[in-house]
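The structure follows.
Letters A, B, C, D and E mark the chains in the order given here, with residues in each chain numbered from 1 onward.
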Amino acid sequence: MIDLLLVIAAAIFGIGVYGALSQQSFVMIMMGLELMLNAAVLVVVTFWWGTTGGNPSGQLLVIVILAVMAIEAAIGFALVTAVYRSRKADITEKLKKLRN
Amino acid sequence: MELKERLAHLAKTGDVPVFAVVGSGHRSPVRRLRLSDGINLVASPRHAAVLLVAGTLTEAATETVSRVHDQMAGPRVTVGWNHPEPSIVPLAENVVGGVPDVTAAIRQQFANVLTGTIPGEPPLLPNVDPVEWRGVGPYGHGGAGMTGGNPYGRPLPLRAPARDTLELDQLPITIGPWFAGFPPGLALRVLLQGDVVQGLEVDSTRFVSDGPGGVFERALREPTLIRDLEMDRARHHLEWMADALLICGVDRLALRADRLASTIEAGDVQRVDRLIASVRRSLLRPMTMRGVGVLPPDVDLTGLGPVARAAGVAEDARAAEDGYDDLGFTPVTHTAGDAWARFSQRAQETTQAIDLAGRAGNRLAFGSGAVEAPDGLHRAEGSRPADRFVAMLEVVLNGEEWGDLVTTIQSFDIDMESVSAPKDVP
Amino acid sequence: MTPGPLAYFLVAAFGIGAVVSGWLVFRTDSMLRAAYWLMVSFVAVGAMLVVLDAQFLGLILILMMSGEMTIMAIFMIMFMMNPAGLNPMTMVHQHRTSIIAGVGSFLVLAWVGVVAEFPNRPAPLEDPTIALGEELLGRSMLVFESAGVALLAVMIGAIALAAKQGRFGDAFEGSEEPDMDVASGDRT
Amino acid sequence: MVGIGAALVVFVAAVLTVGAAQWVWSAPGERDLTVPERVPFAGGAEPEFHAWNRFHIRYYAMALLFLAFDMEMVFMYPWAVVFVREGLLALIEMLMFILILVVGMVYAWREKSFEWS
Amino acid sequence: MTALGILVQVMALLVVGAYIFVVADRLMVGTETGVRAALVYPVRRLSFLLLQPVTTTERPDFEAWILAPSLLFGLAAVGAVPIPLDAPSAGGDIPAGLVLFGAAMLIVLVAVYIFGWAPNSALPMIGGYRFAAMVLSVGIPFSLVVLTTAIPAESLSVGMIVEAQSNLWFVIEQPLGLPIYLVTAAAIAFWGPFDLPEGSDLAGGIAAEASGPRLATWRFARAALMVTLALMGQAVFLGGYLGPVLPGWLWTVIKTLILLVILASAGRTLARMRVQRFVWFGWVILLPLALVDVFLSGWIAL
């Protein structure tokens, strides 16, 4: 069971890596990051359930990951808004172009 | 099919969902239709089975009425009501008569079309795409690049600046002339960014013909019984209040106001007061109307009747009439000038009118070319208040949220039957 | 506790659902669908958590993510060109590298997961929410309170960033329009 | 475990029932609609553009605030369960936590985040 | 009780409850048709809607449009699972029942939002976005007041919460709870005076382009959602199945009906709130009140 869960988590994580690297728009990159965190949640709960005898720290770690997701999303959206406001850009290339 | 017949048998005795296209002289009759047993006036043609074409419409209305007709989900049927020949759209039946007649006709045609006695009407507009898009472009969907072309027949909206400096898409859209939240015949081209209005333009096409003119029209030419004038005013205001309540989602009180409008008698102030007390309990003021639709200070309010008086302009042509003077008439005013002030203003003028009508006896008033009508000062020549309201919409509504826009337009009481011909609109 | 065949089946089903919907996030043109495919992925993982006796965590993940993903959909539709994907588009860069990195990380992690030996100490069957609550208010109080401070910082930071008027004047000042030759046929 | 399994069964059954009902009943109608019958309703006028656009919401700052408060809810569920057995300590700790967040709320209110931008 | 039994029970509750709710609403509108006509109204209405074909717009998101009513009903159904009918552990009572309910009610936003988005039409879309603003404003107070009932019960299971009210119902012990719950529940079910997404100022809003079976399923799903919200309201605030003489399930039904009638009557007699005022109302009035409710109830529970 643990093997199966870890393979699934690895697959979700792989998709997240692909998304975060390949996407051009900020929000889509954030989606890749969220997918990676999703995999992390699954891994943590898997170990909590199967290997640590239900150590509550595992649960706490999940909550912390959730908080990280919320913070990442809030700051991410705020940044997207601020960048769009000042540069009218929603994809990363446009920012690079501007730097030159 | 057995099941279909059973369903039709059940459905034909139920409420008839009617989408009403209201032409001249029929705003009040269509409102009374709301009181008819088993008639349900719906706001979207997608929910309707019967299209009611009431009163006289102009030639220009043909396309819009046809479009609404086609948007009905079907099995659909069109019923005319005092609609002059030749009709602008094909009618299954044209009723000449009052509310009971048309109710019966609508029920009958509804039953006919549900049970298959008559076939559902075919669409009226030609089956052609708005632009040629099939097979055009790299995927055959009519688009080009990221946002170009006409994907599936229409372009994508363009960006426009906004007051919070986020330059996002602006959707230009024409709403009306048969949008239930607006006075019948009013079509607005609105620039929407999100749900906020960034600009608007009134379509100067006339969709409804000139109104037949009631007691106030007569009072322009000859002295008229104050009793008649004031009862008509009370009825007009009550119907207006019913519309306002309907738009604000207080259906129960809207029905009461409608019922009151059709049964009210001179001097019967208590029933109106009870209605107004119920309206207060419905929290209409704090929830929907307070602070909505305030006019900018530089707008000229003279002659705008209740709208002006709700903003503190104590101006009323009745005050100069001897007949009214005898009755001790003084104009009611409010100061806030928002949608609630207008509602409250009209509510109090209704009570006042019923009171005046009860005491008026045979007194006469007006007849000299100017009369204080429910929507403002009417003159024998020159533009009507509706023209002025239409002209001020853009100034008042720019930057409003959509719901506030609808509330504000309703609060003006614009009578599209009395607007001038297109060329006269300022 | 050894999981029964039903648990295996459910985990596999939800797992496939989570992976497939995660993949569809990057394969759809509609921003709305992208956001909600991600939500489906989260819901599937939440359901797996429930199967793993972490009922509270699974459901709270679903609760959190449904709210967050709607906000994500709203923001994506707000800022992305052609949000409904009416014109099909691919907005990707370094595609090959990304695929290699994605597949590589999957293979490495999956290999670790399959090969490594883990101790078998299953969680007890009592309600784990109480343990979590006690942990939160007892030993890990600092985590809990610092989360509060972090969230406050995020709130203020996010509002300050997103709002039009900052302390130092209008955010619009000094901005300029970049040239728009990224996508051909772009009209904006 | 019956309860949560039942939740899954009920959810799937409910979604499938209503979905299938729509599918069965809508199949004949959707096929042969003409172009004018498909025009979106706008009171009789014809739309010029697709309605799908970069919809400018006016409450984005509020939406971000929601994310933070949503996270607060995550902490509150386990807190509520152990509240009585932990007693006053739990009350004070949560009071601190909430007060910190309320500061953020007041800041947002002051920044007019609850009004249309 | 098996999963199948729970399925039958929940479906029966929702269908019957939805029927009663529609009848009650019909009576509240005040058309002079009488009780008899109101009792057959849902049947006639449904027959008509089944005869109407489904319309579509030029380029809708078909899948989302079909999914939305199904999802809404699924959420209403799953939200009703953890609510016990006549005994603490009867039915689908689960340890984290409140979280399941809260998650389901929050996902209602998804169903409504995509229902407004799918037709690719301006007025429904504004309706969907209005609902997003509403749920983001009242989602927290809604979850908070429901959660507060878990404090004295020391459990997130709805059955335990009902049991904890054997001395005193929470409607008295947590006086702010039920009023806030009813207000927020009406908003989550986009029911008047908070029917902003379906308002008459949007010509029906999210439902403006829906006809026939699509409208029927949508209306039914919304009525079912109201039933679920009323069920939860009576369980956590009105003592659920607790009550003298009558059997427990009958108490549940009676209390649910009382809440349904209260909600139905508010829908037709109170004015619709402006969306901007609603956002302000949710954050500045309801949220602080809900926080006060949490700490007040916590203080009392100690």
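Convention: a contact is a pair of C-beta atoms (placed from the backbone, for glycine too) under 8 Å apart; a residue touches a chain by one contact, two chains touch by 3 or more.
Just so we're clear, the structure is a prediction, and the values are computed from it rather than from any experiment.
Asks: Which neighbours does chain C have in common with chain D?
Replies: Of all the chains present, those in contact with both chain C and chain D are A, B, E.
Asks: Which neighbours do chain A and chain B have in common?
Replies: Touching chain A as well as chain B, we find C, D.
Asks: B-E or A-C: which has the larger count of contacting C-beta pairs?
Replies: When the contacts at B-E and A-C are counted, A-C has more.
Asks: Among the chains, which is located farthest from chain C on the basis of C-alpha centroids?
Replies: For chain C, the chain whose C-alpha mean is farthest off is B.
Asks: If I average the C-alpha coordinates per chain and also across every protein chain shown, which chain's average lies closest to the global one?
Replies: Going by the distance between chain centres and the overall C-alpha centre, it is D.
Asks: Just curious, how far off is chain E from chain D if you go by their C-alpha centres, in Å?
Replies: Centre-to-centre distance between chain D and chain E: 14 Å.
Asks: Suppose each chain is reduced to the average of its Cα coordinates; what separation in Å results between chain A and chain E?
Replies: Averaging C-alpha atoms per chain gives centres 33 Å apart.
Asks: Provide the C-alpha centroid distance between chain B and chain D, rounded to the nearest whole angstrom.
Replies: Here the centre of chain D sits 34 Å away from the centre of chain B.
Asks: What whole-Å value do you get for the distance between chain B and chain C if each is reduced to the mean of its CA atoms?
Replies: So the centroids are 48 Å from each other.
Asks: Give the residues of chain B that touch two or more other chains, as numbers and ranges in rising order.
Replies: 44, 46, 71, 73, 151-152, 154, 156, 159, 164-166, 168, 171, 173, 175, 179-180, 194-195, 401
Asks: Among the residues of chain C, pick out those that touch two or more other chains and give their numbers.
Replies: Within chain C, the residues that touch at least two other chains are 55-56, 60, 63-64, 67-68, 71, 74-75, 78-81, 84, 86, 129, 132, 134, 136, 147, 151, 154-155, 158-159, 162, 164, 171-172.
Asks: For chain E, give me the residues that contact two or more of the other chains.
Replies: In chain E, the residues touching two or more other chains are 50, 53-55, 58-59, 94, 96, 99-100, 102, 117, 120, 122-123, 129, 132, 136, 139, 155-156, 203, 208-209, 212, 276.
Asks: What are all the chain pairs that meet the touch criterion?
Replies: All chain pairs meeting the touch criterion are A-B, A-C, A-D, B-C, B-D, B-E, C-D, C-E, D-E.
Asks: Which residues of chain A touch chain C in the complex?
Replies: Listed in rising order, the residues are 1-19, 21-28, 30-32, 34-35, 38, 41-42, 45-54, 56-57, 59-60, 62-64, 66-67, 69-71, 73-75, 77-82, 84-94, 97-98.
Asks: Would you tell me which residues of chain A are touching chain D in their complex?
Replies: 63, 66-67, 70-71, 73-74, 77-78, 81
Asks: Okay, in this complex, where on chain B does chain A touch?
Replies: On the chain B side, the touching residues are 165-167.
Asks: Quick check on the complex: what are the chain B residues that touch chain C?
Replies: Checking each residue of chain B against chain C gives 139, 141, 143-149, 151-152, 156, 158-159, 164-166, 168.
Asks: Along chain D, where are the residues that touch chain A in the complex?
Replies: Residues of chain D touching chain A: 60, 63-64, 67-68, 70-71, 74-75.
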